[in-house]
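Multiple structures follow.
In the two complexes below, subunit A is the common chain; its partner is subunit B in one and subunit C in the other.
Take a look at the complex of A and B:
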């Protein structure tokens, strides 16, 4: 049998240095935001009182959650569908192997980066200003968010497809669009559906947060109840949201697993 | 499936292809192929067999020189003119290149893409005539009964027949077959080669086949073209090609790797 070479010694200076660096960074950052453990312990009484006031959840409030909750789902669905459709050309033009040319590829990549860099809350506030507070603003914000999510993931998976089939379509005299439709998309379809479902999961969660800035849905109710110090209702909303999100994620995940 | 017998001529004039990495794929090639010929191209791997085939339909671009198909130069940039040429040139690949999740029929209809208005293909609204052409193409390779089966459920030989049917659906003047049997077993290999020869005889479609098995080249070729480092080193009848010619094409003695049936080596 061949001799196994001796195991190389661990690079202790590197490890020590890394740990020291992380500790220093954490301490410096905590100091920067005035984080102090003693103060946290002294103020824990306020947190305890809040928790006591938040329990038990106000189940009588549950029926009044149905409408805003459905609104949240509608926002998520519209956002996913609109964003999902718009993300198709964005993703294809951002895939290096399919794009129409370096300039279009570069422009599209940067467009995607801008969409992704700006947070969904920013888009919600932007659209709330543009079309008024309410579910439409939320759906628009989530459309943008969905384009950002799907196009990023899908363009990368499109880049790894087998280019044999697209070439075969080209060899038959097919146009660029036909090359994409018949050669590339059939290979990327499963991934696309999977990413769209994933975006829908994110959108259900995000549409609750968006409600906080006035983009409709259950988040808006959460914000009004919190402002009125109705903490037992707040707990009820959070519980309901938790259950709903878990259910939706389970369904979506099981579909995605089956697709994979 | 009408095919005008005067069509399908190919002429290379001083054609060169140098790849970006400096590899010479085609070196000063002068070659004339007449309509309806069945030409087998041989050479060791990297000799430029695929390069030659792919230059005919513009998948590989020339560095200099010219290729003409029926007297018209093969366009060297993407666009309508190149698509019009490709419409008349079918291609068959070693790895079949089918959309596995689609039916055999859908795959064969891809050969009709350039023949129908774009919106019809896009929404899968194929004219009756084109479906007819696709069906006839399947008939010609004898797998009509598989029309509505998913391509992924076929055997390798059947998949290659779908590949051939897709090329036939183009009603082409030329068929380019790039190592069509390299991923098939010996029995299927002979069936596919016989199919190609039969189609060439029946329809008069000019056929160029890349092969790396010498015995197949000798058995099925009408004319054999030998390439070595992108250069034409042999051009002659398959009936008279000698073992010495093959040695010269390969630049070495050939081994059992170069033949399908090992018995032909003494």
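Take a look at the complex of A and C:
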């Protein structure tokens, strides 16, 4: 018995505090949102009626979806390309080993974090107000969203590059721009392409719902059909969106795997 | 071949890279034309954005304290309940979705989680709103269901990467598969899985913020209304408070995640 090691002692105050916090937070939240199983059960009749109405999907509606669907893809392409280009300087200046100085690094890092706090649909609402309803607002919103996604991921992978090459360029008398161009970007390029494809996947997904706030694409049709409770059409739109998103993701993922 | 000996210049890789650039550029221009984003329109954009931004000042903070903070609290509550639902349901799914432990069931679990992942929260909310009524409860259910997919995927990846020694030790001393899960698998994977839960909570805060657009509670509906009625000072309060609250939650949650992973 002497061989049995003692059980590690638990830090009871920490455990108790954590559990108390979790319970309190859950109680506050459940209370706040009116979480009740009775409501769920009482409404189940209405729920089943809705589900019956939304099935089968209205396949006759499908041809009318082609144009808005293409618009969605255009929005995603423009957003990814514009955001992808703009994210290059943002990411480089936010990488600690490449940036131009502590002040620029700090400012850029915070800029990036603030961009990341707002969800894509908030940007869409803002741009729809500023430049008017339509696909241009959506493309601008996705550009901002893309900057947030790519620059965060890429600046982290740029921080882990081999600094030998950039230092060699510097030692030969190269300027900062030449150091970035010949020392840093070639090492980070593969990651950049893979993050850009990932951002494109996110953008295709996001551009499907941008129309809910009037920023163009297939979401605008979704919003009108939803407001009229035409649920067999809503189901059709959502099914079409899902199939398209899954296909695009498969293609993009296989390209990313080949790059890695 | 043609390079002189002693002068080793790297061969430039023209080929697929320049083709890809060319195709992307062509698609980009075509898309720009299709959404009628002409150069004339592009020039106007900065001025238009600046004009609207100028209306945002000063932010109407009285509105902020009265209406926006409760709405933000509701968004946090939606995200919390959604994350709890997803965490509880995804833990067993993550174990059964590990290819190394349950090769047959795992394939099925992975299929289910991929399907759940494909639905954006807001599309699920469109269905839940008529089922459970307008309000935050619908939002919490939508967030919960759509988070299950990602948490199951990440969780089962963690389980697949464990050290198999303890599992074999439990089984060699006569323990069942279930006991092996309890004493050999869960203690190894729990810290990382909890970190994933926290990360998902951070994402869910952003997701729940937009659910108000379809009437599922939270701060998104407030922003949509203020912008629709052109109450820009009120919209500024919404944006300001959202940024601050999300930044604080991100910082706290990120710090806890780092502590959990390190310990």
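We take it that the second predicted complex is superposed on the first by the 233 of 260 C-alpha atoms of A that agree within 3 Å, B and C clash if a C-alpha of one lies under 4 Å from a C-alpha of the other, contacts with A are read in each partner's own complex, and residues count from 1 in each chain.
One rule holds in what follows: contacts are C-beta pairs under 8 Å (C-beta built on N, C-alpha and C of every residue); 3 or more make two chains touch, one makes a residue touch a chain.
Predicted model only: the values in this text are computed from it and were never measured.
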Touching partner for A:182 - first (subunit B), second (subunit C), both, neither: first
First, second, both or neither for A:8, with subunit B first and subunit C second: neither
Touching partner for A:47 - first (subunit B), second (subunit C), both, neither: second
Partner chain in contact with A:171 - subunit B first, subunit C second, else both or neither: first
Touching partner for A:126 - first (subunit B), second (subunit C), both, neither: second
Subunit A: partner with more touched residues, subunit B or subunit C: C
Complex interface listing, subunit C residues touching subunit A: 24, 27-28, 30-32, 34-37, 41, 44-45, 48-49, 51-53, 73-74, 76-78, 80-81, 84, 118-120, 122-123, 126-127, 130-133, 135-137, 139-140, 206-207, 209-210, 213-214, 217, 220, 223-224, 227, 230, 239, 242-243, 246-247, 250
Subunit B-touching residues of subunit A, taken from the complex the two chains share: 164-165, 167-175, 177-178, 181-183, 186, 189
Subunit A partner contacts - residues on subunit B that touch it in the complex: 57, 59, 83-91, 93, 95, 97-99, 101-102, 110-111, 113-114, 118, 121-122, 166, 170
Partner subunit C, residues of subunit A touching it in the complex: 25-26, 28-30, 32-36, 39-40, 43-44, 46-47, 50-51, 54, 70-71, 73-75, 77-78, 81, 113-114, 117-122, 125-131, 134-136, 139-140, 205-206, 208-209, 212-213, 216, 222, 226, 229, 231, 234, 238, 241-242, 245-246
